[in-house]
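The structures considered in this document are given below.
The same chain A turns up in both complexes below, where it pairs with chain B and then with chain C.
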Partner chain A sequence: MSDPAVQASHLGKAFGTRQVLDDLSFEVAPGDVIGVLGKNGAGKTTLLELMLGFTPPTAGTVSVFGQASQQLSAGNKARVGFVPQQDELIDQLSVADQLKVIASFYPHWDGEFIDRLCGEWGVNPAARIKSLSVGERQKLSILLAFGHRPELLVLDEPVASLDPMARRQFLEQLVEASMDGNSSVIFSSHIVSDIERLANRIWILKDARLAWQGDLDSLKECVVRLHIRGGAETLEAMAISGELSRRRDGDFMTVVVRDFTPAMQADLRGRHGVDVEVESLGLEEIFLELHR
Partner chain B sequence: MFILNPQSGIPIYRQLLEQVRRMVASGQLAPGAELPSVRELALKHAVNPMTVSKAYSLLEAEGLLERNRGRPMTVASRVRNTSQLSRRIEQIQPLVEQTVLAAKQLELSETELVKTVRKNWEDEDE
Partner chain C sequence: MRAIARLVYSYFTSTPLTRALSVGGLVLCAASLLVLTSLPQSEHMLAVAYAGLLAFFLGSAFMPLMVGKLSRGHAARLLPHGRVKLLVSMMLTVALVALPAGLLTPFAYVAGVSGKWSDLQRNPQLLDFTINLGWVIFTSSCILAGWLYLAMYFITSQRNVAGFAKGLLVVVIIIVVPTREVNDLSATTSSNLLKLAVAWLVFGGLYLVWPRLKGAMANWRIPGLPFFGASSRTSGREVDLILGTANPWVYIAAQVVPVFIATFTGLASAAIWLYFLAIMSAVTGAVSGQAAERSRALWLRSGWSRAELFAQVEKSFWRHNSFMLGVLLLLMVGMGSYSGFPTSLLAAGLPLLILGTVLSTYLGLMITRGLGWTESLLGISIMLALMAVPLLLQAQNPNLVLVAAIEFKLLLLSLVLRIWARRRWTHIDWTQCRPSRVASARNA
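The block that comes next holds the complex of A and B.
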């Protein structure tokens, strides 16, 4: 097994008395595409910044390529690409000059690749950055993070201002980047459908903790809505393990559970003599259910 | 070739598994037919390549697909006959369960349901 790209143990961050992140432990393996979900203010940006060593943790440790994030060597930094939520472009420059500035930091900058993407994405190298739209600025920020073919890509809300076509082009690039199975991608987004396409693993931040970390596939297999029909009293008295929410209307009840197995369906039928139908849920609904 | 819906509650690899199984069972995918490459499928649907290879590997383990060096995966030349009937029944099982449940909710008797199935079966044959 190859070494994890990122590793955190009991990681925490407090700003004064406000605990933003508490006791997070996780690993990011090469080839992982991780989608980070959380409400506004859930600590997604803080988590990404801790990983990149922009801010020190107040508890626990986090490392990238086996080296503490705060002490990352220049060599290891060059293996990381980052798209910040707020771009850090220099307004006075042209697109071409901004690309040149960033390229000069990296010995392995792939200029040909970036020229090609500029063409495909409709980013004009001659344009002044000052004159770019928000969406164009975002495209350029993404290009700046792609050019050195990083092994770890960290993206904080990279697509918020992109139109559907640009978003799809961006997703295709992420598919390309993860094709070799060696590069890892971590991206936060409120566009759940993008995460649903690309991510193989999901982190859900809630109340400063990772309320869920695991495969997207198992998340969808475990969090389901049960439609149960039976006597009103039977339903009222039914205890269901891993229950997240329940709504009962006479002799019909819907229950969302977080650790469903096919055996559970048979068990409920057998023990209570009720009809149970299973409805699988999309990621957006799962996210909402986990926040009820 | 495949219809993948990432927003569905059914994981993408399972959607792919079920579609390939169905297409092979129905003969839409004949023995020896080539499957699109992982790369092709992942790019076309903008989904994680690992999801596609997970489905392909499971289908290979089932004996439905064959891996070929440097060439696309193909439908196995000999789908094992012994397991075929039970596998086909397994595939239709969820649909049968749904139908039975719906029939019960509509308060149809078993005989009435079977009669309806038989009638549809014969209509299809004509």
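The block that comes next holds the complex of A and C.
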């Protein structure tokens, strides 16, 4: 197995007395496409910035390509691409000049690839950056992170300002980038359908911790909605482990649980004599249920 | 090396204005070299060289802004050797900007002394002296250019009280240190090189470790403790709070501190004081440059038409700027009485400070579509005119008619700028003056 691109152990970050992230441990393997989900202020941006060494952790350690993220060598920096939430473009430059400035720092900038993407995404290299729309600026930020073909691509809400067409093109490029199996992609987004379509692993941040980290299929198998039919009194008294929410209507009840196993279904049937049906949930519903 | 070359090239050529200034500056420097070596000399001949040097420096004026933007963002943290290359590009730019002055000075000296180049071959001491003079001017120009870039960086990148105060402090240092050295003729190449080495070592060291230092400081931050530069003012008129004009006293403190320091560093010449205060008066008014982008919230909250909005914004900035101007006038009168400044200097200086504030206030209000060619050229012209008056007053028999004429023209210009600003505000389009992304990111 290849070395992990990112490795964190008991990572924590506090701003004053406010604990934003607490005791996070994870690994990002080559080929992983990780979607980071969390409410506003959950610490998604802080997590991504900690990972890349933009801010020091207050607890634990994090390394990128086996090197402490705060002390990344130039060689390892050249293997990382980052798209920040707020673009950092220089308004006075033209698109082509901004691309040339950033390209000049990398020994292996793929100019042809960027030229092709500029054409496909409708980014005019001659345009002044200050004249670009928010979406066009975001496209350019993504191009700047793509050009050196990074092995680790970290994107902080990259599609928030893109139209559906550009979003689709961007997601296709991300898939292409991760298809070679050597590149890792970590991206945060509020557009759950994009994460569902693209990510093979999900991180859900809640109360400063990773409420879930694992592959999407496992998440969908664990967090399910149970449709239970039985006597009203039985349903009233029924206690179910890992229960997230419950709604009862006479002799019918729906319960969302977070640690479902097939054995649980058999156990409920056997112990309470109720009829149990299992419904899989979409990622958006799972996210909402986990945040109730 | 490729990155450094690209950065330096971008500093000089990134916008049509800087490109024109850089090329124009080089052409003028080359022309002045031709003039110095081939034509009979007069004082006016040097004007070509001065214009070339100034244009070439202004051509690189984009450097502090671009370095600031790249350094503050995440990009420089992930660019391979990002900060080191940015630092080297800054040093190279300073050297490039100072080079024409160093090269032209020996020619100007020889042309001024004898005008015969054969003297250099016959007199080895003269040759050594001119070469040494070139080195002294080159290294002095490096120091001066470095300070000027630093002031520009603070004023353009931190559009708040902290940036204003830091910029003014640097202006004090620029005015006090290099002018004293020019007067005393005490600078030598070795002393200049030592100063440059110390300055660049300190600046370079701080620049390279700043991200880690900042990260460490973030961890020491005590919650609830206000920071210098962050506005904590929460009471006052709504219009003032939105426009950021609710509290002039912080700006006044930012003005008084550099003046206080300058007093102790021995700034004696009345004309230099006027020069210094004229720059301050212009910076005082320049805070109105943020009015357009901030006024959108005001327009959405109030029922004012665009014309009424302009009237309210104008009133708000005058409430704010008049306090700052008042303090500048008091400082001028106080220092004038204490140090016995000539009456002519006070008589011409007081209206000059008022005009500086008025002009920069309306120039700032004119910026409703970002900083373009017109505003930049107007800004440069106004600054040059404001700086010319103290220089004229410095002469033994100052031409007061010329001074009065300049001030009268500046008064007319201020009326024109007000009409222009008012007209622009009646058609203001807030999609053309979006709030600074950096500022909004910082606030977020």
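Some points to look at:
Here, the second predicted complex is superposed on the first by the 292 of 292 C-alpha atoms of A that agree within 3 Å, B and C clash if a C-alpha of one lies under 4 Å from a C-alpha of the other, contacts with A are read in each partner's own complex, and residues count from 1 in each chain.
Criterion: a residue touches a chain if its C-beta (ideal position, glycine included) is under 8 Å from a C-beta of that chain, and two chains touch if they have at least 3 such contacts.
Since this is a predicted model, take the numbers as computed values, not measurements.
Comparing chain B with chain C, the partner in contact with more residues of chain A is C.
Shared-chain residue A:Ala96: touches no atom of chain B or chain C.
Of the two partner chains placed by the overlay, only chain C lies in contact with A:Phe105; chain B stays clear of it. In the superposition on chain A, A:Leu198 makes contact with chain B only, while chain C stays out of contact range.
Of the two partner chains placed by superposition, only chain B is touched by A:Leu216; chain C is not. In the superposition on chain A, contact is made by A:Gly31 with chain B only, not with chain C. After overlaying the two complexes on the shared chain, residue contacts for A:Glu279 are found with chain B alone; chain C is out of touch. In the superposition on chain A, A:Ala266 contacts neither chain B nor chain C. Shared-chain residue A:Met165: touches no atom of chain B or chain C. On chain A, the positions that touch chain B within their shared complex are 31, 33, 168, 171-172, 175-176, 178-179, 181, 193, 196-200, 216-217, 220-221, 224, 275, 277, 279-285.
Within the complex formed with chain C, the chain A residues making contact are 15-18, 49, 52-56, 58, 70, 72, 74-75, 77-78, 80-82, 84-88, 90-93, 97, 100-102, 104-106, 130, 144.
Within the complex formed with chain A, the chain B residues making contact are 6-14, 39, 42-43, 45-51, 101, 104. Across the complex, chain A is touched by residues 2-3, 5-7, 10, 14-15, 62, 65-66, 69-70, 72-75, 77-82, 85, 211-212, 215-216, 218-219, 221-224, 370, 437-438, 440-441, 444 of chain C.
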